[in-house]
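One chain, chain A, appears in both complexes that follow, with chain B as partner in the first and chain C in the second.
Presenting the complex of A and B:
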């Protein structure tokens, strides 16, 4: 009994291969985008985890110098001899590779994560003969070293003995931090007595990369979810359609004695089978997408956060399985409604187009109410949301609310159009469009979401770019930047440059903590460069005067927002109370920053060596000066960076960030276009009974085809019109809520009407192109097919 | 003797597959002990970096005012990765400290690893200081101070020598196998010791006898030797016995012993003179109950662990703990057993 029933059910797909394709393709696409994004995230997280393990970040407390300077070996030994079980760590970069020096004998378990593999020679590692552990890419970049390939090495990271690390980083005798072993002996001395200049950094508060990059990954996840939602819309449409079309079969099968329970189970099993197949295709596609995106994501993360992420993708079983699970889960969600309806269906009920449309109209009203609630929550969240999660909740309310409202809004518009139209044809056209709406609404929702996302994200990106370029213009005012090797070279450079340039602006900074936030504090020379170019978001009177007098401090927006600081608030710097006189925009910087006067900085942090300088010089003289500098001093051209170079570099980082976003944007839009095509194609077959009477009354097939095309374009146009405000609301949420939560700065919003227009045209073209094929098919339907409608009415 | 724990490999787990058996491997370039040594003090109390391994090894039998027995261990091992020189982090000299306190019911262990060259661990001769981290053994060998700490314990001790140094084997040249492997080996077994133990049970004032071993070599074991059972016994009569049994893969063993009179005269006894047979094992299978025979001196005693569970949970694990002696002679002492992990 089961076999013939299954045969009868499956025969539907044989007769409607396109529907089967829609179902599988929709599901596969949804899974692909979702799992692709997940794969990228998983890869990045695995990289962070490996890096964190290497340094014991988040696992062990550590000691650092209060003023951010290196710790000397004597301090380390003093601590050990006072019973403090600490282990020294140094890190730095060599040819872009992160070099981590550890002391393997004292390092607490797990740190370094070195598996002494074959070929590892403890003696060589310890005796300072240059052995290091790293991945294959490290071995490639550092061919001059004895790199032992290590499976669990963090990407782009080499672990070696601290003695070697100090040498190759040119930092002999220096230690960055001391990792504190979790178990300490009885009777150790008080830290304040042995090393009063050190501070303890608790493991949790270490601003580790994973935390820093959370927002970025949440962004990606949100995109993945959006794509998945769009895909599930398609699947839901396809399944719903298939169930409607199979009502007669179901009716017949039940009349023949197949139990309802058997039928429901069989159909569920059938769908799960499809989900499994589509899921596998989707996971494979997702792998492809991830492999394509990963290099850009890795570059972005490195540029933005200094996080090393492997550029090559590994197949992780968790990710495979979660991809399949999400495909099955998605199908279950999409099919639930249909199966539920089937289980409640009266024995002899068949499908009735008009009845269905009317039911859909009632459902649309229900949806509109839900939409109203969601949009209300959105407005509420706009004023209250603070965190990143709330920010995304806000986005979700906005997008889902708008999508749910769409059928109702379109219905209202179409009803209005219908009531205004005079001619019979027009009235029929509008009425027919309204009738088609339920079948198309899911595809249109997908289009709406894709369009809105596109508008929102492109507004954000463009606003960002506009702001950031302007900001760079203001900020990078020095014509040349010099990076000297050490204090001695810095001194001789200053002596050389002083009489030859307009001004030397030393760049002195150190990392400290203000209001429990990690902050780079800069000592700044009193110069018009700062007074004229630095734009304040908020300022006290004479903020530069008081700051250069050493009385006040100026902080960046990130710090102000994170620590809840405003003008006039007092912060403590090295025990000194300083009121805030200004808050400046500092776009693109992930961490807090503060500015104090140069003399004050030198008093507070006498050990900080200034080895970087900005130079003011007439631009036309810059070239010659560089040539003289390289000729007359031991500075190399690699140590001299011109302003244009830095700008290009900074901009490139951000371009790459958004390459990922725009790639996902295009994919989402493509999925939406596909959804329209598939909806129209499936509808086309069903609609013959509606069209046949119109044809019988004298409307040519060609005319019918044209009307079909027009209809698709009108619906797309209406959706596009609605997408514009939605997209702008999205952009607003991204800029003012999500961005603030993710990065700590708020961006001004700019509008780019020509971009929106172009996008609208694209959407119409996509809808037109999607409608073209079904319209052509209609125009070429043999009259015999249309006639059959009358002889074979359901 | 004190062919004590050693460090072929100082690094924690995974690297130490060789364990004690690794002591029998040949390493070129290091100095090798030669017969008829002439020691020169205080220099020879210091490190001999041209030899591969060396230790300063102290054990003590202690008693509290209430009569409770305690055992104490303080050990500093040196292991050279290569005979070459190096400075700072590049030095090939690695150091390992083991400290333990054994109570009748508990055994507290701590281990420290470090390397020479940066000051974390080492030995200076004048004044004599042997240290790793906050652990230290310092003094002029007549009067010494000693301290060590772990997550659960800490001790601070004062030591006072009541007799001369004792040289094992042939004037300090101690042969370890029939093939002739040997080490330099002398002891100060006459320390009176007193001080405080800080334990989870509380702070306890203790006093007793301590035995300090000095040994260095480059390859003290033969290739077929897997571990050893080492006894240092102090009898109530004031006589002392150091004896060890080196176990071989073929089930046979090599023994050696030194008989020490109360005023410090030492007699070395060759292979076979000293006999030790296990009578019972603990739950782990480590023999903690022995019959010890030295017929030449009419010694027939039973040696019993004061706490069966004195297992050293260090990078290279072994058993080390205080023992009680009964039979023809009574007394107390220390027992070390390796090669049972």
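Presenting the complex of A and C:
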């Protein structure tokens, strides 16, 4: 019984290859977009895990200073003398490479994740003579060091002796944390007695950088999910249509003695087989998408978060298995409704049009109610949502609610158009369009989601770009920026430049922790450049005066939001209590930043070498000065960056940040266009009974084809119109809720009508192109085929 | 006795309230016997046929096919009876459009686990379908499709053949040919035949005739 029944079920797809293609392609595309994003996330997380292992973050408890400042060597020695088995660790960056210093003799096993490969000189490493372990990219970036290649090294990370690391990083005598060995001697002294200023930090299940980048990955996952949802709309449409078309066959099979339970199981198994095939195709496509996107994502993560991610993709079992699982899960979700309906439909009611119409009516009512509930929750969340999860819940309610409401809204519009039409052709056209709506609504929902996502994200990105460009204009005021090689070159440069330029603004900074947040703290020279150009979001009276006097500190918005700081709050910097005098906007920067006066910085961090400088000089003199500088000193032109160059560099980092989102946007829109094409093609075959009477009554096939084309464009235009307010609501939610939670700053929202118009034209062209083929097929349908409708021989 | 129907009742919910379509119907049919069931539209003929074929369930009463009371069976049990014991010829043919004529003819037999390619081939030949075996139903005329439906039913060699207006969609000449074939093949297989028809002429070709009026045998 199973074999002939399966043959009968599968033969449907054999006779309707286009429908099978729609189903497989929709599912494969959905899986590809989802698994592509997941592959990128998996690669990034693997890199974070490698980095965390290098530092032993997930394995060992550690001791840190309560105020986040470095630990001094004396404290370390005291602890060791008191019986504490601890090992010092320091980390920082050199030319973008993360340098990790460990003490090999006291470090617990696993720290550093290094292996003694060929060429490793253990004695030299232990003796602190400059050997480093790292990957090939590290060896390339740091050619002046003796880098031993290590398979286990985290991307863009070098492990070396702590003494070497302290020298390289300019932090001699400083320790970031003390790793505690798992086995400690009995009877050791209490920590509170030896080092009361230290606190114990338990081993973390996830690394700091993994937590920091969670928002970015959540963002990607949300986009992957949106793309997947659009794909599942296609799958749902294809499955629903196939089940609808096979209803008479199902009835026949049951009449011939196949039980309902057997049929439901066989149809479910059939779909799972398709899901497996499409899932495998999707995973392969997803790998390709991920390989294309990963370099940009790696650049983004490095630029935004300082997180090092490998730029090459590995085939990880967890990733492709999850890709197959989501393909099968998605198919199960998409097919559940159809299988449920099948299992509830009485045998003899299977082919009754009235029963179908009533079921469709009840479904439309159910969808409208669900849409109302979701949009209600959206309004509620608009007033109450804080945090990333609530932000995404808000977006999900808005998008799904609007998509579910679409058929009802379109029906209202079409009913209105029908009531206003005068000619008989127009009346027939609108009535026929309404009848076709249920078959097209899933594809139109997909188009609505894709369009809204495009409008929402492009509004966010363009708002960001407008704000960021303005911000760069204010912030990058120095005409020239100089990057010296070392302290000696810096000193000779300052001597040379001082009499020749209007002002030298040293850029000195180091990484510290304020209020338990990672912060780049800058020492700033008292100059009008800062007073005139830096725009504060909030400030105390005479904030620059008190800051340059070394009495106060100014922080960026990110630090203020994350640590809950406001003007007047006091923070600890290297043991010194400093009130906050100003909070400034710092767009595009993921981490906290703080400014103190230059003399105070030099007092607090005497070992930090200042090797970068901003120069104020009359713009017309800048070119000559650069020529003189290169001629008279040992600086090369590569070490001199003009203002335009650094702005371009900043904008490039910014643009790469959104490359992934833009790519996913385009792909989602393409999937939606595909959904329309497939829906129209599949519906075309079922439309003859509606079109044949109109043809018999004198409407030409050519005219009918034109009307089909017009119908698709009108429906796409209506959907596009509805997508505009939805996209703007999405942009608002992204800017005011999700962005604040994810990145720590709020952005003003700008509108870009010409962009929306262009997108609308693209959507109409896509819908028109999708409708062209079915319309042409209709215009060329042989009269004999149309006549079959009347002879009941179809 | 091949078929025994006792005090069969069935009520449908309609817009005007409950409508009792069968009011205690009873009948019997033996192997090799042919029985015509006539009656006006709405008299309950098709409903009775559906209940006997296990396509629907009665409100009360018994339908005993080959010793098994199918009225009390679940969906799987009734499906088993339809597959192995009963064959139904529908007015609307109900062929599987995605299978060829050859596959359609052998379909029910294969469902029942019976394989007899010679018998299928002989059926196709006697039905005049040999040249059409590789075609799909949509490529056939109405008369040809009905012949495929009859061949499909008889290919499984059911003990009880139920035919619901089997020639209702055919012209008079074709109907005559098709009817001849049904009677000939039923006699050959020794099955019982219960046929619902409007046509007095067709009914008169059956061994027995029952008339159904307002849900009761008269």
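Just so it is clear, the second predicted complex is superposed on the first by the 564 of 794 C-alpha atoms of A that agree within 3 Å, B and C clash if a C-alpha of one lies under 4 Å from a C-alpha of the other, contacts with A are read in each partner's own complex, and residues count from 1 in each chain.
The working rule: a contact is a pair of C-beta atoms (placed from the backbone, for glycine too) under 8 Å apart; a residue touches a chain by one contact, two chains touch by 3 or more.
All values derive from a computational prediction rather than experimental measurement.
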If we overlay the two complexes on their shared chain A, which of chain B and chain C does A:183 touch? Say first, second, both or neither.
first
Is A:81 contacted by the first partner chain B, the second partner chain C, both or neither?
first
Which partner does A:256 contact after superposing on A: first (chain B), second (chain C), both, neither?
second
Partner chain(s) touched by A:14 [first = chain B, second = chain C, both, neither]
second
Would you sort A:96 into first (chain B), second (chain C), both or neither based on which partner it touches?
neither
For A:162 in the superposed arrangement: first (chain B), second (chain C), both or neither?
first
Contacts for A:3 in the overlay, against chain B (first) and chain C (second): which applies, first, second, both or neither?
second
Could you say whether A:725 touches chain B, chain C, both of them, or neither, answering first, second, both or neither?
neither
Overlapping contact positions on chain A, where the chain C interface meets the chain B interface:
none
Name, in rising order, each residue of chain C that touches chain A in their complex.
50, 53, 55-56, 75-76, 79-84, 88, 90, 94-99, 103, 107-108, 110-113, 136, 138, 141-142, 169
Seen from chain A, its contact residues with chain B in the complex are 73-74, 76-77, 80-83, 85, 103-106, 109, 115-116, 122-123, 126-128, 161-164, 166, 183-188
Give every residue of chain A touching chain C within the complex, in rising order.
1, 3-5, 7-8, 11-12, 14-16, 248-249, 251-262, 346-348, 792-794
Footprint of chain A on chain B - complex, ascending:
9-12, 14-15, 81-82, 84, 86, 88-92, 94, 110, 113-115, 118-120, 131, 133-134, 149-154, 198
